[in-house]
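Okay, so chain A shows up in both of these, paired with chain B first and chain C after.
Moving on, here comes the complex of A and B:
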């Protein structure tokens, strides 16, 4: 395998690895049909991130001879991650080219960074073989789909204190509420409650099939462009797509019935009734659903519920400076988190949830499009 | 100025008087060598040399020439003493770090001689503080016997590029290996950590490389990471660094530091190579 990223894409790659390092301890690298997948999952399996980089993302892309190559390595210790992701502000000035090569004989991954002034950084990393890390989810079967400019999401999230653990997202037919989630009523009297209400007009695309309410961990919710909410099984899927890369973030949510505070929305009756321990995001059903060892088949082009991706335009926002979506037309990024891991069994169930990972043809970049406000 | 109102009689007692309008010109450079608690001071007509040593394998020296001081009086050929460097730095920065431009701490450092404490008069904004720090018998600094005739390889780099490399060094690596070669990779820093190894290559024609002088042979030496990592402080202050190794594999790092007033001071580090223990 031999991939070379140059120019602005080096920064994108660095930010992808940086985002992944915020999620989990290990970086899973896998060569897939559509390109190179970089994934990470957190220790409690409640948050997962996947970046799929198409061959077009790279100046040169040579897939590994062993098509099913995958490996994992510690991400925080991963020197390239560190050197790529630290001092992100100066990254695009210092690193001109990044090359990832695989030496399958020696089980070694070599990452070479060509920097300014002729400086060459070479990292030879050992990796571990691993199972394919994939979450099971289906964007197609989402009952609710919300699509918005990244600026909207960023501005919304900004209102919540950084220390806030969990946030509740409630959707009705014409509005969206975002509230901080407090575990029990006693605390709610003392805690500062923040509630944000967004009307459907704020969104580029607003399709609510079922009124629902989900709670998930805000910490792991980073940059989002699109919201794709799966009511049936509660994970929140945030998806970012581009012509050359796609990223999905999936966040586990708390079971709705575990907290009584539901003033505005009706719970989805299909939600499990089991009470969850306060710190456990996963419902029992979620657990079994996620642990279900099913493959994630990457289908051919299929209809995606959301409209073509909008250009991200949040380069000026300081909140997400370090996660900022790539600037410039070819460098948009998608971030979506998936949960769970699946074993790569070759057979797949036909009705298996499929993630549509085909690269969408990017819309003509409408850089003048402003966020709805 | 309050400091100069000391009586002449007092001044006669001191065998060393060194004054600075800006104490940071001394404290910053001493921070660059603050590896351990104790520092050996050796003052001569030329100026002040402060030495700190670590486990007999590493030595850091700071040179502050007499010209840096606004007043420098020495009544003997050489004056030596040892003080607790941490305490000294605390005293020099006793007024806290003032970021207001134009406001700085003035220093008058005085020493009566053997057996007497080191006296510091510090003034800022009209407030005067007097600190007396106990001195000890100075230890003899190790002579690393690093003379220029034995130097096999020498490289002078702009600190900017090395700063980046040093900040990223894999700390899980026990050693830092330095390779200097007349051919590729020219100048290379290598680490061998838990997840793999890393190499930082500086080509000889890089514009960060001011001087590249390498004999016909390539030399590769390893040094304990724990010893060299503190040199990052000196690197951070400096604008240029010279890296030299000699025939025994000893390493000399010399840093050119510009103080607040643009004057030049030097800091140098000497390090022994890490000898691998032969396993039976």
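Moving on, here comes the complex of A and C:
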């Protein structure tokens, strides 16, 4: 593989990696049909980001000979390699060209930065093989679609403090509300509540099928064009699209469950009549809470039976909030972000993976967690 | 008890925001006293605040276009609220280009000051951002804690040197010592001194001028009888002085300090429509 990015795209590449670093610890690199995919996921599997760079993004793009090349590496390593963060010395701003080469024999990724004054910085990074990392989501099946200028999104986010963890987004037929979401405990009574109300007229495109309310983590996602809210599925997806670049940020949302029962998700208790989504997400044993998404929603080569396991079926509906304002203390459970292990070739569509799909971890370490039902 | 106010003018809004920002840098919590004509941000000197106290007075007519107040009772037509000025600061921060800002006292899950800003938007319908700032209503029986401080019988009153200069001197002194002595006399001379085992540093200011208190001033021992060269001093924690100087967002039209020898440092900043007084107790 040999890719060269030049000019303004070097900075875009750096910013992409920088925003991925705000999501997760590792950078997943994969050569896909449409170009080069850079992805990251956070440790609790509740946020995922993917940048898909088309060959046109690069001045020169040579895909790896092994079509299904993919790897992962710690993102902190790539950041210095990129050395493009604006806050660093001025030298960093003088990168004119960035070249990424794969040495498959030595299992090494070489990143070469051509800087001003003939300075050349070469970084040799070793990487790990990995499963493909892909969150399962389908933008086409969104019940609600809002499209706006990036400026609007930036302006709305400004009203909330940077430290704000969670934000609630509610839509009705002509209004959008963004509110800070406060945990319901003693402190919350004294917390400052902020609410921003936007009219539908401010959006370039405003199609609200169902009144919905979703709560999600709001971190550094300030570059958005599309705001797509799925009612049937839990995630909130923010996308940026350009002629040569597509970026998707997928965030898990909190389910406003009316049943406060807690359910420990593990192989024993996962039986069809379980109504509750998995229990408190914040425990250490994160992987046991990863649950397959409704297989019917898998895009692409997923001609799979549309009968998902029961628990997921119920979960599907528990996110729909008809009232924009939730009354009373909601019982929050993070709905997991679901990762199908995207199979390398369409022909390999084993039924068995879909039916027993409780997994999503793409790391090989999680393999023993996979068969949980 | 009712309170509603509205700011329409951008200049007034910015000015009000700057005042609130200054107050928020001085203290985490303070009392907001509302009367028909004024707003006061009050911090009463208590052990918790290290003995410093603050009195910031704003004339409401200079900021608000509409102002309606119904106090606790007819004969006590005032409202005292305990508030975190930082919340107010945060709420105002993003409303700087608002078409209007309304503030009112509401009751949500607890008493709140609700700030609603109407922001310019891309469409005909304005964007509205609402902030609910939790407050505590202070009962009337505790109001006496928050009275206007008496002007102390000072020994020397002097105008301060340019704030920027004073601040940079104090900042550097802070690296060397925790305490600073501020001394001044009626000849317009002021010294800032630090004295540690390793080093002593003194910065001298001259020709600062002394405010003519005359009839306004307090005092029995009229400063006029005092030896003009005699210094009155106050030894204070540098941190507190620095905190005060750093918080200032606008250069005051008048900045002065009154010193009660070895007792109190009383700093007074006057702007057109805002006055800010800060009392720092002297340490031994």
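In this section, the second predicted complex is superposed on the first by the 239 of 373 C-alpha atoms of A that agree within 3 Å, B and C clash if a C-alpha of one lies under 4 Å from a C-alpha of the other, contacts with A are read in each partner's own complex, and residues count from 1 in each chain.
Operating definition for what follows: a residue touches a chain if its C-beta (ideal position, glycine included) is under 8 Å from a C-beta of that chain, and two chains touch if they have at least 3 such contacts.
Note that the structure is a prediction, hence the values are computed from the model and not measured.
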{"item": "Clash or fit (per the criteria above) of chain B with chain C on chain A", "value": "clash"}
{"item": "Which of chain B and chain C A:158 touches, first, second, both or neither", "value": "second"}
{"item": "Partner chain(s) touched by A:133 [first = chain B, second = chain C, both, neither]", "value": "neither"}
{"item": "Touching partner for A:100 - first (chain B), second (chain C), both, neither", "value": "neither"}
{"item": "First (chain B), second (chain C), both or neither touched by A:196", "value": "second"}
{"item": "Chain A - residues contacting chain B, complex", "value": "73-74, 77-79, 82-83, 86-87, 94, 108, 115, 117-126"}
{"item": "List of chain C residues in touch with chain A within their complex", "value": "87, 90-91, 94, 108-110, 121-125, 127-134"}
{"item": "Residues of chain A touching chain C in the complex", "value": "149, 152, 158-159, 161, 189-199, 201-202"}
{"item": "For the chain B and chain A complex, residues of the former touching the latter", "value": "161, 164-165, 167-168, 170, 172, 185, 193-203, 205-208"}
